[in-house]
Amino acid sequence: MERKVTLACGDGGELAHKLIQQVFVSAFQNQDASRFDSAFLSLESGKIAVTTDSFVVNPLFFPGGNIGKIAVAGTVNDLSVAGSIPLYLTAGFIIEEGFPLEDLRKIVRSLAEEASAAGVRIVAGDTKVVEKGGADGLYINTTGIGVQRAEHAIRPGEMQEGDDVIISGTVGDHGIAILAARGELGLMTDLQSDCTPLNHMIDKVLESGAHVRMMRDPTRGGVATTLVEIAEDFGAAIEISETALPIRNEVMGACDILGFDPLYLANEGKVILIVARNDRQRVLDVLRAFPEGRNAAVIGHITGMGEGRLLLETPLGSRRRLRRLSGMMLPRIC
Amino acid sequence: MCVGVPAKVIEKKEYTALVDVMGTKMEVGILFVPEVEVGEYVIVHAGQGMSIIDQVFARESLNEWGKMARAGII
Amino acid sequence: MPALFEPVDPGVAKELARKVIQLADRYKERTGITPAFMEVCGSHTMALARTGIKQILQGHVRLVSGPGCPVCVTDQKQIDAMIEVAESENRIVCTFGDMMRVPGSKRSLLSAKTDGRDVRIVYSPLDAVRIAEENPDKEVIFLGVGFETTVPVLAAAIQLAAKKNVGNFSMWATTKLVQPVLRELLTVKKVKINGFLLPGHVSIVLGEKAYRFLIDEFRMPGVISGFEPVEMLSAIYKLLEIITDNRPAIVNNYKSVVRPEGNQAAQKIMYEFFEPCDEAWRGMGVIPQSGLDVRGKYSRFNAKKKFNVEVGEPKKTLCRCGDMICGIASPEECILFGKACTPLHPIGPCMVSTEGSCAAHYAYMRKDG
Amino acid sequence: MERKVTLACGDGGELAHKLIQQVFVSAFQNQDASRFDSAFLSLESGKIAVTTDSFVVNPLFFPGGNIGKIAVAGTVNDLSVAGSIPLYLTAGFIIEEGFPLEDLRKIVRSLAEEASAAGVRIVAGDTKVVEKGGADGLYINTTGIGVQRAEHAIRPGEMQEGDDVIISGTVGDHGIAILAARGELGLMTDLQSDCTPLNHMIDKVLESGAHVRMMRDPTRGGVATTLVEIAEDFGAAIEISETALPIRNEVMGACDILGFDPLYLANEGKVILIVARNDRQRVLDVLRAFPEGRNAAVIGHITGMGEGRLLLETPLGSRRRLRRLSGMMLPRIC
Amino acid sequence: MCVGVPAKVIEKKEYTALVDVMGTKMEVGILFVPEVEVGEYVIVHAGQGMSIIDQVFARESLNEWGKMARAGII
Amino acid sequence: MPALFEPVDPGVAKELARKVIQLADRYKERTGITPAFMEVCGSHTMALARTGIKQILQGHVRLVSGPGCPVCVTDQKQIDAMIEVAESENRIVCTFGDMMRVPGSKRSLLSAKTDGRDVRIVYSPLDAVRIAEENPDKEVIFLGVGFETTVPVLAAAIQLAAKKNVGNFSMWATTKLVQPVLRELLTVKKVKINGFLLPGHVSIVLGEKAYRFLIDEFRMPGVISGFEPVEMLSAIYKLLEIITDNRPAIVNNYKSVVRPEGNQAAQKIMYEFFEPCDEAWRGMGVIPQSGLDVRGKYSRFNAKKKFNVEVGEPKKTLCRCGDMICGIASPEECILFGKACTPLHPIGPCMVSTEGSCAAHYAYMRKDG
């Protein structure tokens, strides 16, 4: 076996065959799908949930994870926050010619481990190799399939004034961890990305019988953008409180240095839940029993239904409207 | 005009210092604050320490705000 | 700076805000005038909006945004020239993140990057010197904007390039000075305000004394302020006290950071590598001796001298940034605001920087959907 | 709207929202999935087939199609040759900063049209924008979900000596069309890529009641590699005849110029079928009734079960063994 | 030693010709076969026409092969 | 060339093969010797295997592969040097697809490309000149290998570069001549064959007359052949007739394409831009005056003169390519064959080119799984 991935590894011939056998099949322990052009699955129900995401994170390895882990977490979480039970993943790799095989192995291993920990199976895969300069190392697409819950489903239709907005932990860890790992701006921090699959924790929340109206994972665009989308999609007036937001000191510090707003930083292991006020404590208790939910907090509530908008209450008690991230966040001197 | 952030000096070298802002660290220039000591705070702008924070004044103004907040209106 | 010691009790800020309102209302009652203060600094504009002070004081104190955002006040022609510099092959253009979205007459550095030009964001100008060392076969140009806080850092970058003899590094500087523009505001533009909230970080370099002329020549009070809510509120409170007592003064409300004489090491290096020049301010025109350019002695590091860049005169738009900066108009008086001009498609520079008057107003105070 | 895709279009904020609304949602007419992190689907059965592929074709537009069309065809065909009925697709786009919006629209439109013609729905999507130089224009991942057939399933277990090997049309059209479209080697041809979804045609073959043992689409690696894989996966000795292979003159000409072997050229609209000898004519008749099956031909047969290998009978009557594509095909002077 | 392919000249320019190989076309140099005419065949190697195919000989050898194939063995 | 007129009836080829076998068996019956012919040309080796002629004649005619693949006979040290040329920044190395996988002592051009070097495959050497024009800031080097068919094309590329004065184009040439190697085979290596299947396309340039010396000096017959099955079979048939009659001759069985005097325009340009040199042949060592290098007059286009490349002597391996080329060993006599040495990991050049003796043998004739 070569030490680097070559273009020929992606041409469907003998090298491609070897790469798939030696790196992927061995990690995913799934010979079956390689005999047919598709994988065959049996589900208990015909009601399924499907989601897809491509992962282009830079750098590929960062404190707290790598692109393989995030490719599982991101898609598992998208299924889980939609209220379904994640079961299967497909994984499509786009690899730049010359990519170190050892790194590929690490990423694939991590993807396999994370999938197994989350209780999902990798059922189909694909590998393409592009010319040097045709990718920034490696990209992964994962598509997830889950079954919709019969019991304990989420009920977005019941969203109402007084519902609480809960976040499962601190805000912006992933965004700043990645920025620091990139090294370009000179930030140094011990911060870890929060990237992790949340499905087991979310399962427990739902199975607790709490009335969960809606969930979403505040990834790209951060908590503010995610809440604006919920507000607009469901016509909810949402108000959150600046002082209630759990934020790590390191994240605050980095934001102060660069002029960033933590509300717009990406998270990869957090869920926002809209829950009936009466169930607030029950949900917090379940979340806080998981390490990934230790810092769960109520950050706001729904103030009315009708016009969708998001307000932030400042420590001074005044309110200002938050909108979607507008353009990229760029470090500022002014 | 200029984003500036208070940062604690935790290591001093010849022309630069390692500073800490609530746990996030960074190497900054100390060309304009060469006398800064480890443990002191500087205002950092565009990668340079611009001013050493005078802790006596800082404490004084904290007190003053409290006073002001408590003060009756004339 | 709550990080320094114990965090400030948010109750203190709330109470301070209440006091400010009381004092302002009392002033208005007595004089019939809503007290108006100009925050000169763009970072103050931003912080006043973000912390909700602007909203909470609305109707009690008029907070006018001044010409303190280096992006806002950069002449459009200069931006066109900077983009033009980036257009040639084998150049790496570095700048602060703020500059990326500034629209020139046709496009921004960000769109030049989208088209494949090598434009990089750095945190420190000194990083651009390192990039030049790492890319000896390319010309590395740093686009330097800024007020007196930033210019010493720009000077440090040139000093470093000179010391290491990095011949492929140069700087396109278009920097601004606070004193000339304050004088311009008070004489030519006749801006109607009762006092200045003076920039905390520029004052680090300049010192308290730099504002004496406001009293001596204009009897115009000013308070130097930090950027925390309590710092800004207490500075506004002090301004109100001054105008209530009608005893104009310059007060340093940021003593922990700003010295009477400023930072003389920074002043020294600034004037070693830069020299005063006439400078065009967007919307305000040329103000004599209001900027600094790379000193002739170091013109090998002056990108304007090194590269032959010609750009036409930009077309006039209906953008009212100029008036905005002078405190003469408010964003909603611009017919482009929120329609042709939004943060995604900024026309004027006030919409570009998140703390530009128009962008801040758009993001935090817009009434509609 | 901008004329080019910018980095900010991929950051999850307002520009990303606009891009998705204006380019994708309008083309796919599928507002639903955008309100949740997953799409919800109802299937008639819980037995499903899943496949995934990333498409990195260069150039993006070529005679006979574009990357959007091929992204549908490739995945629909993988489901269809596995004997299932394709129903749903997800589409993940990785777009290089600066990509012309007009081209993106064309590609998305083509993807939508092709999906609709194939009778599959795009149920979930994703868009990432990578820095200039981080992709060669645009890549697409499609993941397909189909239901397994209750009736007329394929039966690989019944593969036996005497079965015929049928190909649905000419060999190598896509490979040469793409090479010519790339322009690098100076080839000029009117050849069109064959890329097209084959599911309707394959449905008819299966519904004809013919005993189909196995199907596969000879994409990367070509007919030879695909047949070697069938041979190895199912332990079949397969023999094909050089003179029986349907090959267009232009493909032969291009292969002669470059020293290529058409048996290893990629196809994107062809299916290889292993069918019971008695059903040979029935299958050919069904195939030939479709424009994309007009040139269907029997190209060989199974000579025995046990050791998997592929032989080619030359016009002289001798036999030589064919193997997987070994390394890339490179144009030769010698 | 050298892949060579017979190609029909379908257009002639000063230094190059457009040739056709069973429908696939290509621009080739004619530096070594400057006298070639449209309608004639050339052997193309590495982008250059190397030899004009003599159709009389080509036809002759076709006949000869037939003869040889039919011939009895001595 | 079936494309020319009507397609050749495949029955003719089958019948011809039967005749060849009959004549060969008759010869063996009479002499006790299996007739052995060397196909000098690598493309013949390939075509004989692909069309199944090699298999069908097995046991009746021994077909020995000669030194006619320009990749196979390229000295390892030259390959190392070519890879070394590609290693520096700002170079574009162009070559034929065949060269990409050739292993030097450590790696191939393909692996250099995988590591990020700019290595490009072109169909025509003249394309490399165009690439040089399009990249004036880079050095473009064409790696030129080939026999007499290819060298005139290499010369045409230099002529073009000279005419257009493309100063950043140069060629690293390591080319080979047929006559010296045939002489070497017959004298030094004492290869045991009954005749040569002579290369059809090299003969386009050289003409029939170039092979007279085979008769005059060695009484060794040869038939010039095309590459279609019937062409090769009829050529072999003619060789069998010649040895049966014991009347050594050079026969041109490819008259439609090969003229008695060759292509004199091609010869002329070849010798205008190239001059004879001693050349190392892989596995055979240096054969005096057996190659052509860029003529001194044009050394500004000679990459060997332009760039300072130093490579060590490659390590010896157990590769038997040298013997293979001389017809002394067969692939299966090499202990590396199919084990350490496979088309995916070729050790010797005979495994690299699909028509190299070892690769052809591996791909088409290997007995095992």
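Think of it as A, B, C, D, E and F in the order they're written, each chain with its own count starting at 1.
Basically, a contact is a pair of C-beta atoms (placed from the backbone, for glycine too) under 8 Å apart; a residue touches a chain by one contact, two chains touch by 3 or more.
These are the chains along with the protein names UniProt gives them: A, D = Hydrogenase expression/formation protein HypE; B, E = Hydrogenase assembly protein HypC; C, F = Hydrogenase formation protein HypD.
On a predicted model such as this, the values are computed, not experimentally measured, just so you know.
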Intersection of contact partners for chain B and chain D: A, C
Fraction-based call for chain D against chain A, same above half, different below: same
Two chains joined by the most C-beta pairs in contact, as defined above: A-D
Longest centre-to-centre distance from chain F, chain (CA-based): B
Remotest chain, chain D as reference, centres from CA atoms: B
Interchain centroid distance [CA atoms averaged], chain A/chain D, Å: 31
For chain D paired with chain F, centre-to-centre distance based on mean C-alpha positions, whole Å: 37
Geometric centre distance via CA averages, chain F-chain E, whole Å: 21
Per-residue multi-chain contacts in chain C, two or more chains: 3, 42-43, 69-70, 96, 123-124, 127, 146, 150, 344
Overlap residues in chain D, where contacts from two or more other chains coincide: 7-8, 14-15, 186, 253, 257, 259, 323, 326-327, 332-334
Multi-partner residues of chain B (each touching 2 or more other chains): 1-3, 21-22, 45-47
Residues on chain D engaged by chain F in the complex (per definition of touch): 184-186, 243, 253, 257-259, 307, 309, 314-321, 323, 326-327, 330-334
Complex interface listing, chain B residues touching chain A: 1-3, 5, 7, 20-27, 44-47
Chain F-facing residues of chain E, complex: 1-4, 6, 21-22, 28-29, 31-34, 41, 43, 45-48, 50-51, 53-55, 57-62, 64-66, 68-71, 73
Touching residues (chain side chain C, partner chain B) in the complex: 1, 3-5, 8, 11-12, 15-16, 19, 22-23, 26, 40-43, 68-70, 96, 123-127, 146-147, 149-150, 152-153, 156, 199-202, 204-205, 227, 230-231, 234, 237, 253, 255-259, 263, 265-266, 269
Of all residues in chain F, those that touch chain A in their complex: 110-111, 113-116, 344
